[in-house]
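Heads up, the next two complexes both have chain A, just with different partners, chain B and then chain C.
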Partner chain A sequence: MSSFANIWIWIKDWFEDRSERTKLIRSFNKAAREAFVIGIAPVLLQATISKGYRPYRHQFSSLLGGSGFRIKAMSGRQLTKDDIASIGAVVLADNILVRRLVVLGFDTFEVHCDVGTYGCRWQLYDFILIGSNS
Partner chain B sequence: MNTDTLQTAVDSVTTASEQATNHNNVWMWIAIAEAVVILLLMISWSRKERFNPVKEAKRKVKAEGNIDFSNTINSAFHANDLYHDLIVKCHPDRFATDEKKRSFAEELSAMIGECKTDYNRLIELKKEAKEKLNINF
Partner chain C sequence: MQEEDNIKWENLIFYGMEQRSAPAKDRDYTNLYMELIDKCSPKHYLDTTKFDSAKNIYAELKKVKREYELADEIPEKPLIPIRDRAIHELGIQIQTKHKVDHLMQYFDPEIYIDMDPYPMERIRQANIFRKKVLQHSDDILAIEAIEKEASEFISSRDEEILKQEKNEQQRRNREEKEKREQYEKEKRNDLVVACVIIGLSLIFFIIMVFAPFAI
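Presenting the complex of A and B:
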């Protein structure tokens, strides 16, 4: 009986997490689109869920579905390593966002551009500051 | 004679089909009742409060509020320039003659260093620098 209940709770939580992940991705894309249209951002950013990198897995990692949070910069040119690193650094400096990503089952954070094959990848778990309130 | 026989056959078939329908109806209602019971049990189980550390951690993080993605995107492209601008203009050595301003500039520089990737916070610090240190940007 209790195992059945656990399965039911697991299924419910899984669907809730999926919904939260989709909401997060959608709100990021909306903000990126608005920033690009207004002219704040010179490059259109697009967030997607990717497969993730297996060695980066942690306790909260999504079992089914992707565990990677990927940002694609629609620049139309190959971005330099510094450009990609600066986009990544801003996301990783936001503790609330990183914690939210980890809890929602993401374990890998990736930034790449639409041209070329170069990109950067970070393990999200390394950027959780334990005991930090900011 | 033939008509009577035919009518009798029709009547018997109709009765049999009605009985079958009633029989099916009973089983259908039993199945519905079972489904309702299962559903109620599922709801009651899902509402039971069990301490789950993973779930608790998730709940805490989700309760932290919405994330300001517009600030994140803004910071990705503009925070670096603003940070360099502020850190140069608010350097304590520029206020060597005024002790009060110098101590404030030290505090401000520390804060600028802490939030170098947060554009909104850097804008706030810029305002403070303008007001208290009389810096023209």
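Presenting the complex of A and C:
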């Protein structure tokens, strides 16, 4: 009986997490669109879920894949490593977002642009300890 | 449009974050934990060897923090080994201001000048230690070594202070006792005077009442 209950809880949690992840992606995309339209952000960012990078897995990583948080920058040109790193740094500086990503099963953060085949990725786990100095 | 699966990924650690991450040089830290957590943060160390050390040290600091979660302040004792490790592996510099100020209280020759008899040897020692502290004022390990070396000097100074405080306390107690005795004496005198006045008044009253009958 208890194992059945555990499975039920696991299924419920999984669906809740899926829903939360979708909500997060949607809200991120909405905020990025607004920032681009107003002129705060110089490039349009679009977030999607990717399969992630296996060596970056942690204990909360999504079990059924989809552990990567990928951002595509609509720049219209090939961005340099510095450009991509600075986009990544801006997102990773948001500690709350990073923690939320980790608890929702993401382990890899990826940024690439719409032109070329170059992208950068970070291990999210490295960033959850940083920023909380107290 | 590119095929997203063909992207060549480069794994970054903290690339691009170094400009925002330099710790403030003149920051005055309230305690050792705050200083270590700021100076050992992995975001300051981009080269791989130091990054790994920083990550481990940071994790250890967080572990200590969890152990003392309910305490008002994290004690320095469990942080000392981590601090020494951070100094050796990361090359950080720990602030010495508070420690130097504290030691200078003992090594200031001026405080011994008015002593009777004039403590020539003590002043000479204080000067030597003072010079040493000033020479190594940026090195916490050297400062601690000096503190250890001067422990006898410091404890004797502490004893002197304790002795002075004890004498002061005795003097205060004596003064208080004298005051209390004076007060008691005055009170007693007042009581005698009051009794005399009451007695005289009573006699006067009796005389006034019984005098007509006597006549």
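Quick note on the criterion: the second predicted complex is superposed on the first by the 129 of 134 C-alpha atoms of A that agree within 3 Å, B and C clash if a C-alpha of one lies under 4 Å from a C-alpha of the other, contacts with A are read in each partner's own complex, and residues count from 1 in each chain.
What we mean here is this: a contact is a pair of C-beta atoms (placed from the backbone, for glycine too) under 8 Å apart; a residue touches a chain by one contact, two chains touch by 3 or more.
As the structure is a prediction and not an experimental result, all values here were calculated from the model.
> If you stack the two complexes on chain A, which partner ends up touching A:K12: first (chain B), second (chain C), both, or neither?
A:K12 contacts chain B only, not chain C.
> After the superposition on A, what does A:I40 contact: first (chain B), second (chain C), both or neither?
So A:I40 only meets chain B here.
> Considering only touches as defined above, state whether A:I25 meets chain B (first), chain C (second), both or neither.
Once the two structures are laid over each other on A, A:I25 reaches no partner at all.
> For A:I128, is the partner it touches chain B (first), chain C (second), both, or none of the two (neither)?
Touch partners of A:I128: none, neither chain B nor chain C.
> Just to be sure I read the superposition right, which of the two partners does A:A93 touch: chain B = first, chain C = second, or both, or neither?
Both partners, chain B and chain C.
> Which parts of chain A are in contact with chain B and also with chain C?
Overlap of chain B and chain C footprints on chain A: residues 86, 89, 93.
> Under the definition above, what is the set of chain B residues touching chain A in their complex?
Residues of chain B touching chain A: 42, 45-46, 48, 50, 54-55, 57-58, 61-62, 64-67, 69-70, 72-80, 116-118.
> Chain B touches which residues of chain A in the complex?
4-5, 8-9, 12-13, 17, 20, 24, 27-28, 30-32, 34-35, 40-43, 45, 59-60, 86-87, 89-91, 93-94, 96-97, 99-100, 102-103
> Tell me, which parts of chain C touch chain A in their complex?
1-2, 4, 6-17, 20, 34, 37-38, 41-43, 55, 58-59, 62
> Mind pulling up the chain A residues that touch chain C in the complex?
Listed in rising order, the residues are 50, 53, 70, 72, 81-82, 85-86, 88-89, 92-93, 110, 112, 114-123, 126, 129-130, 133-134.
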